[in-house]
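Here come two complexes built around chain A, the first alongside chain B, the second alongside chain C.
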Partner chain A sequence: MEDQENLDTFIQRIHQHDAPFYREHWGGVQKFAELPVVTREDFLKTPLSLRRYKDEKALIKIVHDPAGAFLSEWSFVDIGREAYGLPARRPMVFLENPHEAIEKSMWCYEHGMLPLVGEKTLEIATYAAEKYKIDSLITDTSSLIKLEPYVRGRGPLDSISILGERFEPKELLHFGQYARQVRLVLALPETGAIAAAALAAEPRWEALPDCILENTETLLVTKKRLLVTPIVRYQTTLPPLNNYDGAL
Partner chain B sequence: MMERSDVAALGERSLAELIVAPPEEARLYIIRVTSGTTGAPIVIATGYDSAAPLRLAGDERVERMVACIGSMSARLANVLLARSGPHERVLQTLALDPQDLVGDLEGLLADYHPEGLHGFCSFVVRTLAYMSKEAAADIRVVKLTGELLSESTESLIRGCLPAARHNQIYIAAEAGGSLAERCAYLPRNCFHPTPEVSLEIHNPDADGIGDILVSKPLFRSMRIDRYRIGDVGKIRQGTCPCGKEATLELLGRKGSDYVKVAGAIIRREEFDRVASLVLRHMDDYRVEVSETLEKGVLKGKVVLKLYWGGRSVTLALCEEIAKEFSHAVFITPTQTLADLVEQGLFLPLKVEYSLEQFLEKHKNIKLFSLPQL
Partner chain C sequence: MMDRSDFAVIAQKTLDDYIAAPPEDRRTRVVRMTSGTSSGEPLIFIREIAAQNPQWFSRYVRSLLCVGNLPMRLGLALVFRKEAGARAKLLVLDNKDLEPSLEVLAKDFAPEMVMSFPSILTRAAAYLGGATVWIQSAVFTGEPLRPATRVHLKKQFPHAVLQPQYMIQEMGSVSSPTHCPYIPEERYHPAGGVVLGVLNPDEEGEGELLVSARVNDDIVLADYRYGDLVRIYREPCACGASVSFEIVGRKNVDFIRFGGATLRQEEFDRVFAQCGDLADEYRAEFSIAGEQGVITLFVYAPTGLSAQHEKDLRERFSTLLFLTPRQTLRDLVVQGIFAPLRVRHVVQWALKGYKDTRLTFAKE
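Moving on, here comes the complex of A and B:
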């Protein structure tokens, strides 16, 4: 009940905000469950200036999509509230997408960790990883596969967080031997982290705190925090999560 | 005096200390990684001086920056400084990647409405091609770094960004980033050292020109002391109208393991390789590298100067050598100079014969970058 009240207050706050994006998109609808979904297409066609709900020190990312590109702004404080990685002493961030790599490196700083961000050239990235004696990795599937010779040739890491939109867990299972903990983090550039699961053949996904997931034909995501561009009933193209019952 | 290998060893020590004693305030430090252009990369832990975040935002109180920086660790350092500035000042940063330089960027920059541009000269110039006149007119400050700034590049940027105050920063990743900054009174490629940095000239010639030596704190109690950074310059005498005493005039890359130009890296090792294969009609060679503007487009220019016992040769032979050399010398891992000429990024290679032997002002230097065109 309290959650529902908080959600109603959150929706009301967005309704009353100067930024017109959601107000115009929702019309007069006030109830969360009845709010029209918002899609990436809506972000693509709406300038950031019309969907900016707060003004803080922030990182601006470019999100490339086959249909075009749009800006996704994340305040550093909000970046820190995402659940991208696990506590570590010497984390390395090695991601295919450079905007995401910078953002996840800033996540490390927000958590008091000094990160090594991987350079694009694999040889330089692994050379630096050896020198820094990294103890954890924040990466994505394709980058992890490139790093496999390095992780195979060293002692186990404390943790590997594999970020992505889709996973083939069975193809990743063997990475379990390279770290004490390997987790999958479902994330989109514009929504941040959505759900996480320990690496397994059939991962048991859990929605991350502050995330409301609705299993419809595709996964609907709501973040219960006022982000620069809030995420409310955001229709992803991700399939529903099997283990998640969709309850609010 | 410290050489590159000494700084690499210092880097190892800084990392070792970091492992033993992790920082209490991580955000005061950054792990920098050099590109490895001149050998193994250097990985180093470094701090930054307390005024660095303020310098990034500048007196103009720029609130929205675009960073045009290739290296990931340098890009992260830039974003970290933006994060670390005074709380009352909002600073948003878009850290561009070269792969963002596609058609959509113009609309995105118009949406973002940046007030400042910061980054490598060639990357900034490439970004300007995606900036509408309206968006460019609102840029109030441009900070250039990483490469020697040529007159043509500066004039191209001034033409595109009419309202921008120009700034230039002298940096070296392995020395912890910013070393010196140009003030409003200085011409291009002239700088005052940033706080805690000391610059001197080693073994200057009659014109006062010699190797630049850098001293500065690096990490905790570790210091870089009289590090021969690989650039050539001179110290200008007299007090600047801004009140600062020390002024460094940067004259180019020395030693010439490599020269950066028009966003590419010309490597002496590769020129040596091709010279040994292709150049039959010479005793010695030099390469002069510069940037030039051709119909408003910034291009790299390479002149190959040959000495062959004082002999002159026909124009046809020069053209033949230029063709053969261009097709053999790789500027990127996969593209030859001829490829880059075809793409309009470089002018065709020019070959000239010298009747006089090359002077050996600095031992074994074959590659020169030219600041003035």
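Moving on, here comes the complex of A and C:
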């Protein structure tokens, strides 16, 4: 009940904000469950300046999509609130997308960690990882596969967080031997982290705090925190999550 | 005097110390990396986030960053995070973002300042569309801002004050944060606490740059032989500074030193300008074979390169290319210091990488 009240207050706050994006998109609808879904296409056609709901020191990313590109702004504080990685002494951020690599490195700083950001050239990234004696990895599937010779040839890491939009868990299972903890983090550039699961053949996904997931034909995501561009009933192209009951 | 091998010891110590006993506030540090392109393996080290130049970001709300590798981008983004105002925004561009869709995004973002490599900004300008006119300040690092590029960028960014900075990975800014209006555009004043010297200056005072500075408790540079060619002017400036300097060449970018000779890109450019009837583009590669220097000239001519044109190119470069103040390539070939010039025709033309670099050092 209290959750529902908080959600109503949150929706009301967005309705009343100067930024027109959601107000125009929602029309007069006030109830969360009845709000029209918002899609990436809406972000693509709406300038960031019309969907900026708070004005803090921030990093802006360019999100590329086959249909075009759009800006996604994240305040440094909000970046720190996402659940991208786990506490570590010497994390390495090794991601295919340079915007994501800078953002996830900032996430480390927001948590008092000094990250090594991996260069695109694998040899240099591996050399730096050895020199820095990394103890954890924040990565994505394709980068982790590239890094496999390195992780295989050293002692186990404390943790590997694999970020992505889709996973083939069975193909990743063998990475379980290279770290004490391997987790999958479902994340989109514009939504941040959505759900996490321990690496398993059939991962048991759990929605991350402040996330509401609705299993429809595709996964609908709501973040209960006010982000620069809030995420409210955001229709992803991701399939519904198995093992997640979809309850609000 | 310190050289790269001395700095390698310091770099390793910063890592060892950090791993053994990380400081309480790790957010003030950054893992940096030298490229390793000029002399062997990259150096990984930990230093404080550069904070000498808060003016870069603090005066503007919307900043754009277009620089080289990820550690450098992160390092400068951290300077932004530390120094920019409470509502400031930073967009960090990648090469992959340089596509037509950027124009609309740049209009939406409306950047007021940009920090970039000159060559990257030259390319990016083509995709920034009308947003270029909103930029009030363009800070350059990573490469020298050549006169022709300066003129071009001034046209592209008509309202921007162009501010070249001289930075080295080992310490951050060597030059002062803003350009002094009383000295020529190609000169800098040193940043506070930085002392400069010249190794083996010639009769015009030009020689290898030596940098002395206390970066922090862990990194102290004393006559650090960075390698770039510099000319230092010790004369009072109207702004109150007593020293200014001019970088006349970047090591293994603008010049290569071998056997008493100095290979300079501008000298290659000068000679190639006299070969316009033979080829359209060139790139020169220097290598060492045994004890001899070898220059290979890769040229592009749309209609191909005849044997006669190849011979003419070899002849002109040998007689016109000065590798010391008084000696040409031919003179040094006669002395056995250099092998005769090699000329190769390339069918498709593209400069390596994104830098406006035509003279490179092939290590093998």
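Side notes on the structure shown:
In the analysis below, the second predicted complex is superposed on the first by the 248 of 248 C-alpha atoms of A that agree within 3 Å, B and C clash if a C-alpha of one lies under 4 Å from a C-alpha of the other, contacts with A are read in each partner's own complex, and residues count from 1 in each chain.
By definition in this document, contacts are C-beta pairs under 8 Å (C-beta built on N, C-alpha and C of every residue); 3 or more make two chains touch, one makes a residue touch a chain.
These figures come from a predicted structure and were not determined experimentally.
On the shared subunit chain A, the superposed partners chain B and chain C overlap sterically. By the touch criterion defined above, A:Pro189 reaches neither chain B nor chain C. Applying the stated contact rule after C-alpha superposition, one finds that A:Lys131 touches each of chain B and chain C. Contacts of A:Gly68 after superposition on the shared chain: both chain B and chain C are touched. Residues 47-49, 55-62, 64, 68-71, 73, 76, 89-90, 98-99, 101-102, 105-106, 109, 112-120, 124, 127-128, 131-133 of chain A are contacted both by chain B in one complex and by chain C in the other. Those residues of chain C whose C-beta lies close enough to touch chain A in the complex are 15, 18-19, 22, 25-27, 29-31, 33, 36, 41-42, 44, 46, 69-71, 73-74, 77-78, 81, 84-94, 96-97, 99, 101-102, 105, 108-109. Residues of chain A that touch chain B in their complex: 47-49, 55-62, 64, 68-71, 73, 76, 89-90, 98-99, 101-102, 105-106, 108-109, 112-121, 123-124, 127-128, 131-133.
The part of chain A that touches chain C in the complex is made up of residues 47-49, 55-62, 64, 68-71, 73, 76, 89-90, 98-99, 101-102, 105-106, 109, 112-120, 124, 127-128, 131-133.
For chain B in complex with chain A, the residues that touch the partner chain are 11-12, 15, 18-19, 22-23, 25-27, 29-31, 33, 35-36, 40-41, 43, 45, 71-73, 75-76, 79-80, 82-83, 85, 90-97, 99-100, 102, 104-105, 108, 111-113.
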